[in-house]
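A, B, C and D are the chain letters, set down in written order, and residue numbers restart from 1 in every chain.
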Amino acid sequence: MRTGVWLVGARGSVATTSIVGGLALRANLAGPTGCVTELPDLRGPALPAFADLVFGGHDVVTTPLCKRAEALASAGVIPGRLVAALPDELAAVEEELRPAPSGDTQADRAAAAVRDLAGFRDRHDLDRVVVVNVSATEPAARPHAAHSDPEALRAALSGPDEVLPASSLYAYAALEAGCPYVDFTPSTGARLPALHALAVERGLPYGGHDGKTGETLVKSVLAPMFAMRNLAVRSWSGVNLLGGGDGANLADPAANAAKVESKQRVLGETLGYVPQGDTRIDFVEDLGDFKTAWDLVTFAGFLGTRMRMEFTWHGCDSALAAPLVLDLARLTAAAHAAGRVGPLTELAFFFKDPLGAPTHSLAEQWALLTGFARALHAAAPGSADGHAA
Amino acid sequence: MRTGVWLVGARGSVATTSIVGGLALRANLAGPTGCVTELPDLRGPALPAFADLVFGGHDVVTTPLCKRAEALASAGVIPGRLVAALPDELAAVEEELRPAPSGDTQADRAAAAVRDLAGFRDRHDLDRVVVVNVSATEPAARPHAAHSDPEALRAALSGPDEVLPASSLYAYAALEAGCPYVDFTPSTGARLPALHALAVERGLPYGGHDGKTGETLVKSVLAPMFAMRNLAVRSWSGVNLLGGGDGANLADPAANAAKVESKQRVLGETLGYVPQGDTRIDFVEDLGDFKTAWDLVTFAGFLGTRMRMEFTWHGCDSALAAPLVLDLARLTAAAHAAGRVGPLTELAFFFKDPLGAPTHSLAEQWALLTGFARALHAAAPGSADGHAA
Amino acid sequence: MRTGVWLVGARGSVATTSIVGGLALRANLAGPTGCVTELPDLRGPALPAFADLVFGGHDVVTTPLCKRAEALASAGVIPGRLVAALPDELAAVEEELRPAPSGDTQADRAAAAVRDLAGFRDRHDLDRVVVVNVSATEPAARPHAAHSDPEALRAALSGPDEVLPASSLYAYAALEAGCPYVDFTPSTGARLPALHALAVERGLPYGGHDGKTGETLVKSVLAPMFAMRNLAVRSWSGVNLLGGGDGANLADPAANAAKVESKQRVLGETLGYVPQGDTRIDFVEDLGDFKTAWDLVTFAGFLGTRMRMEFTWHGCDSALAAPLVLDLARLTAAAHAAGRVGPLTELAFFFKDPLGAPTHSLAEQWALLTGFARALHAAAPGSADGHAA
Amino acid sequence: MRTGVWLVGARGSVATTSIVGGLALRANLAGPTGCVTELPDLRGPALPAFADLVFGGHDVVTTPLCKRAEALASAGVIPGRLVAALPDELAAVEEELRPAPSGDTQADRAAAAVRDLAGFRDRHDLDRVVVVNVSATEPAARPHAAHSDPEALRAALSGPDEVLPASSLYAYAALEAGCPYVDFTPSTGARLPALHALAVERGLPYGGHDGKTGETLVKSVLAPMFAMRNLAVRSWSGVNLLGGGDGANLADPAANAAKVESKQRVLGETLGYVPQGDTRIDFVEDLGDFKTAWDLVTFAGFLGTRMRMEFTWHGCDSALAAPLVLDLARLTAAAHAAGRVGPLTELAFFFKDPLGAPTHSLAEQWALLTGFARALHAAAPGSADGHAA
């Protein structure tokens, strides 16, 4: 099952780490630490092998991929020996990277993106291509009347307006090209009625939003802990200090607001009430590709006794995100192969702001995910229970 | 369903907080924060009401209960207004507290304890009495040949040897008196083949071990988080600083060792490997009834990138433990009423070192617990699905 | 040496704690923990005794002082037993509290304040009155031409404009009444050329600004540590979570900005360069009178090796500030008695943003302070070296 | 002023980092971050230039220095580019490394060490050689009658007993060879009456003990902060998690005890009382050359209000220690040139357990150190105030 992984933002830190890691796994130069699809509860015949993944993508910047990989190696994100060991493989991916599509109207640009995707699929004789958005976080999209309906959307895209934010234009192009779409960022992506309708029309699944890689991951186990123990969380305050490109981008207040809202959602939905406190994101260039988050939780126990917990998380977002990008590509490819259409709510495990928001408890999300994988494997051609190929 | 709650260590901080809290709940002076049996997923007709709980117990010390309650109020563990509002209720419980049973042989002391339990049950016309051990942690018990068989045990108890540690002698007495037994401490309690056989013989359930109230509670959600994300935990080191009576007791190296072993178990069993690092317990008198735990976790992600997390937990063990003692009494009473016999493995949610160790993941333990409660409620006389009384 | 301590904001948490503490010290009900003027290096004959301090003040609110004291006792800031033991003493202070002065023009209000101060001094036959501003932080003051000169200022105050912010109007009134003035807040206070000139004219000392009670106190020893070790601080980020009245007030962005600027100053001035990172102040009502600050410092060592330090400070600002208010009143009274005029730069030890900013290193500030105290004591009438009375 | 730096434990992490750093400074490939002797308050004509330092040393292990340097580069302690840039310089130092001296008696071994030192000095035409012990921490030394007097010591060393621990035997050899000796470890070193007498006899200075590089450095500024504010420290607990060779060595309880005692001394001597709490050292191999220390301080403020502070220090001991080793070599060489004899108490700034323990406050130690340096520079031949050469 040859599967294309088309990365929007393909020269960014997350994408570059995903690509180097995917190539290293294919070459048996690294193990799958951080890849949840390699855990016993998830792996199986429905998933494309790492060796079957082919990488391509769009980016607005043009720094060569190997330079980006070397920079990440210098920053301690990936081992330099892997970059040194994979020059031909990286050069082959470089061949499949394209600049951001250009054109006079958004329709023109979408058409160019569709051609890029179709060309990629054809050149590599791929069974399917999964488009994954790992580009920088956008400000919240402005509403537009054409967002509600595919026909209205098509018409509006041919006009002079910026109808869709970039993430949604990529989602539109992916769906038009017959490709499932996953949004790893908090951007709008496929979350518009018109795009949902288009996905259904084309029989395509989509997934998102906002990869859960650090502070929110921890929240998604700690908040249920307080809830299961019937402890009253009084305040939950957090600060995220981050460098790197994402940090600089999030220093923009509009993007910051989108991200912060996504980060606090887990609390209200898990606890059933919103505790006091805010989450802050601050840019500290010196932290580079690493992020330090500090959270303070104050809570009341039996008879009102006041207690507190704090945690510090010092993680490398790219190293945490990259294996999940591979996981999402594999699972979404399998879902597409199995005929799944519309939002993949079972992928909530991966996201801060999951589609359909079935639950924000990591453990419940895990149960959904493993059930989803079992069903895919049971139905897979290579499975004992599966249909004949 | 009038239910006795007989506390071994009845004048200790945990017991006193349980008693004050139970009386306050009965008088509608406090809410059930921290009581998991009041959560929607657990409450129901099988459980005795707080108003149906009657307290009694043993203790080696003789400080009046109201003095202990006042001391806890001064220390910020319970509100002084509750102690002031419940003088008659506390005096009534005081009437039901007994010194540690005396006698020449362990058999004599067990018989005295049986008489205490039976008298308590009779005086209050109780449907049943649940014995809960909340006394100080013992050193690990020395093996004895008579531990394997009830008959051998009975014979040995009449001899001059100290055959059983105190916690097990109380378990023996409880079972002989027809009472379910729960061990909230890491002590041996009912965990001997002879006592298991005796419980089965008498048709009694038992539960334990070692209430999960702080650092280990957090571990039981964080360790599964790392496992579910396929992140490689390289080291997990912890230090617990605690004052109060428990702290002084745990400064004794033998008791400390029993507790530490119980605290680290969750990691190996959840992760499937034992990371580097130890857990330490140190006595710091100034912390009083509060405990500060600090844990450092180092882990490797995709392609080996090194990351770290640390947390500080500042909790009041008595305030965290007391509502769980009430929960365990209610659930164990319901299990007894439903005819359950032997180890209550479904209570793993409450314990650091659960009987049968079905799992150390808090989320999986929660699933077991809610299933257990649902079954009890479905079978309860007051339930729509229940059998006629 | 009978000394009046006139508190602007006399019913606030800091003032109430200062008053209760001062009365408790006078009554020998409490020790001087937190009072630096009781350390061997500072105490001596030049300082008025605690028993010689008489309290009065202004406030815009009217809650009785004993109610405020009880509220602070409930919040764990001061012991309830002290409040209960001092009803008459608190009632006597209550008699000396006045509403904020009223009048049509700022000149009228200043004249009313002067009358309040003179009346207080006369009624209690005080040698002098020190005015200490502990009211809520103001936004930065708008410049006004009359700020540069006492005559222009006097003229302008009689007009319709709000020429001075409240803190400076109190400073003006204090100086006009012949009273030294100390600003414990970051507000403008006496920091205007016109007020400096007035102080010189009247032969009065003044002090400030912004009591150093928590995170900045720690910074003032850690920043010199990094500097003395020639370690390169790359970033220093901080977040301050605070409840209470001060927290709500600082949630106002303008007041927040004034405070934050004061908090970061220590770094640039101590290190000689400004590291990356910001300090944040967030309001979390649940923290009540306590404040939690978290700081992350990243630094480079020999050959560029990257390292980090973080700290959490959980302090009660009122309990930290109140003894310093007493210290400042004593030291400023002694300076006035010794004939000191103008800014008391030797009091830098107490302030985030010291007048004259001689240094931000706590150790150097300590050396200045002890030298100052030694000189005062040497010149004091009761001293072996002092002049005859 | 050509100065030899003879390192005992010359292939260890601290020594290797010192050597690579010293060579890099000489070659202008790195700046002096972390070297306090390059701060404006300390630098001057009395100190040998980095270019005048020549390295040699003893070690029991034989791993080539360049291998050790490469290992440290892999571990992130030193930049790989420096190791790659200095192959000839490292090879030249390799020529000057010697195995631990051998011989039948301690006298024989000391004589061999003296020959090594004299040969080094002669080959390089050095004005002097400073011996710095950076080898692994020893258990506390057993008392021996011969420790009190140089003659008795000389006699005993020729006998069969192990009269001196290794660190003291090196100190003895250094002094016999006419070399000043500095102990960067908590081992006994020159701290024996016989060795002090010998130093005086030979007109040599010596320094120590136990480089202050992490948790204790922080303590030496925080403890004075609490003292200067008259805050009552109730408990101070610390845990040090460390990997690397030093960690493994300190896992040995005897060595651990020596270190822990040294670490807690600063508190009692600075505060004037010993707060509750202990310092722990645990070995966590995964931390490699980095160390994480966590400290919790609980303290009482005005009227007894309880507060707390905690900090985490994540440092690289070798990177923190190495520049101080160069500093100590430079300062001790200058002291020797100036004719100083006996313990260099002015070097307290560098040590956890300073000779003569003049003070444990970092700020006071800084004042001593800068005064010491000023005096050396004033007397230096190159100085305006100095004597003619």
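We take it that a residue touches a chain if its C-beta (ideal position, glycine included) is under 8 Å from a C-beta of that chain, and two chains touch if they have at least 3 such contacts.
This one's a predicted model, so the numbers in the text were calculated from it and none came from an experiment.
**Student:** Looking at the contacts, which chains touch subunit C and subunit D alike?
**Tutor:** none
**Student:** Going by more than half of the contact pairs matching by residue number, which of A-B, A-C or B-D reproduces the interface of C-D?
**Tutor:** A-B
**Student:** Please report how many Å separate the Cα centroid of subunit A from that of subunit B, as a whole number.
**Tutor:** Each chain's C-alpha centroid was found; their separation is 43 Å.
**Student:** With chain centres defined as C-alpha means, what is the inter-centre distance between subunit B and subunit C in Å?
**Tutor:** Distance between chain centres, rounded to whole Å: 51 Å.
**Student:** So which bits of subunit B are touching at least two other chains?
**Tutor:** In subunit B, residues 76, 310, 312 touch at least two other chains, as defined above.
**Student:** Please list, in label order, each pair of chains that touches.
**Tutor:** Pairs flagged as touching, ordered by label: A-B, A-C, B-D, C-D.
**Student:** Across the complex, what residues on subunit D touch subunit B?
**Tutor:** Those in contact with subunit B are residues 234-235, 237, 239, 241, 275-278, 280, 282, 284-287, 292, 294, 296, 298, 310, 312.
**Student:** Which bits of subunit B are touching subunit A when the two form their complex?
**Tutor:** 17, 20-21, 24, 30, 32-36, 38-39, 76-79, 82, 217-218, 221-222, 224-225, 228-232, 290, 300-316, 319-320, 322-323, 349, 361-364, 366
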